[in-house]
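There are two complexes below, and they share chain A, which is joined by chain B in the first and by chain C in the second.
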Partner chain A sequence: MQYHLNYNFIWKYFDRLAWGLALSLELATIGILIGCIIGLALAVLSHGAGRPVRFVVGAYVEFIRNVPLLLLVYLVFYGIPSVGGFAYDATTSFTMTLAVYAGAYLVEVFRAGLDAIPKGLIDAGRAIGLTPAQRVLHVQLPTMFRIVLPSLGNAFISLFKDTSLATVLAVPELMYGANWIYTNTFRIVEVWTVVAPMYLVTGFILLGCLRLLERRFAIRRR
Partner chain B sequence: MSGNDPLVKVRGLTKSFGANQVLQGVDLDVPKGSVVSIIGASGSGKTTLLRCVNLLETYDGGSIEVDGVEVGYDLSDGRRRPRGERELAGIRADIGMVFQLFNLFPHLTATENVMLGLRKVRGMGKAEARAAAEQWLVRVGLADKLESLPIELSGGQQQRVGIARAVAMNPKVLLLDEITSALDPELVGEVLKVVRELARDGMTMMLVTHEMTFARDVSSRVVFMDGGRVAVEGSPKDVFGAPAQHERLRGFLARIELRDI
Partner chain C sequence: MNVMLNSLPFLMQGLLVTLRVSGIVVAAALVLGVLFGVGLSFGPRWVAWPLRIYSDLIRGLPLLVLIFCVYYMLPLTGLNVTSFWAAVAALAAFQSAHVAEVTRGAVQSIPPGQHEAGKSIGLTFSQRMIYVVFPQALRRFLPPWINTVVSTVQGSALVSLVGIVDLMLAIQQVIGRTFKPMPMYILGALIYFVINYALSLMSRMLEARFAYVRE
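Right after this comes the complex of A and B.
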């Protein structure tokens, strides 16, 4: 039996893919933003904190990192309503899951970033009379941001790909759009040969933007 | 404070890192407008002493007064209470420091490096701070590097930004911690030239240095530290002139090359 490629259906329903891609990017963006807030807050908190705080933060990080994301997605969407008695819509639930997931990875990224700030810069901030809060704001955070930028970018591209898991909650992102076309047209090869490049090209563009940003904010460039 | 009290007054200063007592009772006076060079072998406590003056290192015993104010501790109600960070920030603002490794803020241009303290600590407006910063950068010979980032500058240029950043705050005393040690030999001169000019203008300075010729030329007093104490103190002529009386100083000077800058 021979399979005849026919892309007509794909183009007919392409708006589902286009909108899906937009939603995927949106989910990843919100995920990394909230994830950054979680990660940064916990990193700063545990940086100068005692053992109990570090233990709790460490437990969160290890739990999230050692459980499959898909399981977390199910757990948050089905588990919280059953136990807590309140429900979110699928998109909100998934975004929160993604943010908490990203947060766990970013704690480590930010912690390493804080550790990597040259001690002399903090001394320099103290020597000109900056208060601790001013040092964090004007010296430590800007320096750390430049140190962690590459890791942050990689995390964002990872998250963008991870948004494909939202399809299991029927969140209409790119993977869901692809599944919809495939189940309604059975054009399986066509769908995936279009969607894979969409992920790929978007990832490449993100990577390119990231490299530009890194160059713009480079500290050590010679 | 009476008129002829020293600007910086160190008395019986002690400091340990664990079991290692690096300062074993240091007494030192730095009169206003004078330049005091601190020399000595590595491990003699000279950098630690300097870092104690603006409390980048805490000290265990003794006292340091800058312009009549005890730096690390509040003695006002008869007890010795360590100062909080905010209080210290106010004291440090009046004590300039230049570092061996420059420690410029890497994300800020030369001008912005100098402006940061003027804006956030001195509360200057943006235009005023920029004008003051540029004026100082021009004075240290960096008129064409105002908008350069630290990575775009040579070591000597970075260090001159470091000096501008410190003196722009109009400090009562300037601390210079081996400011030429990380520089290529051919860049040392341009940095020391700036320091010489500051000395001529009457800036009170404490400097730790390995440049003996420079210390001899620029200092009002030279202090030789050994084993966490002041071993020899005197005029440059006393310390560097005729064979030293102090045996350890003689040994130290014999190992150090005197070169012209």
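Right after this comes the complex of A and C.
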């Protein structure tokens, strides 16, 4: 069978892919920002809390981590409105799902980060007379940020890849752009040979930026 | 509640497909991944470099993109496979790259003295691997490997998008008939949760069991 490659349609509708990529990045960014808030809040909450709180946080983390993301996406978009009697648009729904999903992974990251702060730093803060709030703000959070930065970066990249699932809700991100083009033009091979490198290159650029950021914020020891 | 009970036999058929996909993928990815991982760690440059590129490319793509790529592009190479095997091939390629990295990490944690000792008593490369390196690397390998099994079971939900009636698509079909999404999604989430949580617990147990051994 002879197949003739024809990229004309891809370039004609390339703006769908470009805007799709922009939306993918936007979804991942909002997802990780809200996810960080959820993760940090729950990590701090369960750090000093008793058994019931830790159990609830643990249940949330385990539930989200052990259920496929696709099922969560469906559950939030189709399931919850059917019993709640309200509805939200697909983009909001997917962003919330992604944030809750990221939150479950980031709780562990932040908890490990909080544990890894050297005790001497907190004692030093106490010694120079910082109040507990000041110690959190000026000592614990900046130190923890540097410790968790690599994990946070990896979480962001994997979240960027997970945005491809938004296509099942017809959120117009990169994967949806690809699906739209090939259902309308049947240029399937051409679409995937363009879209797959777009995902790869974006991922590697993000990775490079994060490595630069890590080097910038690395804890220097002498 | 009634809906959940009535649909259970149908969901079980879907679950069997999910387990079959996962089982085949886990087995294939284990064999390929260990070979790739050993190639990455000990292979000459012409073996290690292509494997490095393979692993980085595959892990850099979203799994869904990989599944669609294989599903639509495999027929062009003249191979006419069913959608089941196309999806299995995509998942196996994805997981083998991850298992390769797990293997690389485990194998490289073995101190070089062990290799040298093996060489000095005249073991061949494969003997060194089987009798010296693998038994020691096993405890570094098992916990993260079980995590890749969990991610395989989760990733297998994506095969529903190329029309394979696994647990995920079975749930969708029941909802299409009954219009009761919430109970069905919760039931599905529970089934996935039970399988994956059992695996996660096993991984944690092994990790704790192996933690006391120190060089």
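Criterion: the second predicted complex is superposed on the first by the 219 of 222 C-alpha atoms of A that agree within 3 Å, B and C clash if a C-alpha of one lies under 4 Å from a C-alpha of the other, contacts with A are read in each partner's own complex, and residues count from 1 in each chain.
Just so it is clear, a residue touches a chain if its C-beta (ideal position, glycine included) is under 8 Å from a C-beta of that chain, and two chains touch if they have at least 3 such contacts.
Fair warning: this is a prediction, and the values are worked out from it, not measured in the lab.
Engineer: Check the contacts made with chain A and report whether chain B or chain C touches more of its residues.
Structural biologist: Partner touching more chain A residues in the overlay: C.
Engineer: I'd like to know which partner A:D15 touches here: chain B for first, chain C for second, both or neither.
Structural biologist: After superposition on chain A, A:D15 lies in contact with neither partner.
Engineer: Which partner chains sit in contact with A:Q134 here, chain B, chain C, both or neither? Use first/second/both/neither.
Structural biologist: It touches chain B, and chain C stays clear.
Engineer: Based on the superposed arrangement, let me know which partner A:D115 touches: chain B (first), chain C (second), both, or neither?
Structural biologist: The answer is neither, since A:D115 touches no partner chain.
Engineer: Report for A:R146: first if it touches chain B alone, second if chain C alone, otherwise both or neither.
Structural biologist: A:R146: touches chain B, not chain C.
Engineer: May I ask you to decide whether A:D89 touches chain B, chain C, both, or neither, giving the answer as first, second, both or neither?
Structural biologist: Neither partner.
Engineer: Using the touch definition up top, name the residues of chain A that touch chain C in the complex.
Structural biologist: Per the stated touch rule, the residues are 1, 3, 62-63, 65-72, 74-75, 78-80, 82-83, 161-162, 164-165, 167-168, 175, 178, 182, 188-189, 192, 195-196, 199-200, 203-204.
Engineer: Inside the complex, what are the residues of chain C that reach chain A?
Structural biologist: Checking each residue of chain C against chain A gives 57, 60-65, 68-69, 72-73, 76, 78, 150, 153-158, 160-161, 168, 171-172, 175, 180-182, 185-186, 188-189, 192-193, 196-197, 200.
Engineer: Help me check something: in the complex, which residues belonging to chain A touch chain B?
Structural biologist: Its residues touching chain B are 118, 120-121, 123-132, 134, 138-139, 142-143, 146, 217-222.
Engineer: Per the contact definition, I'd like the list of chain B residues that touch chain A in the complex.
Structural biologist: 54, 56, 85-86, 88-97, 99, 101, 103-107, 116-117, 120-121, 151, 165-166, 169
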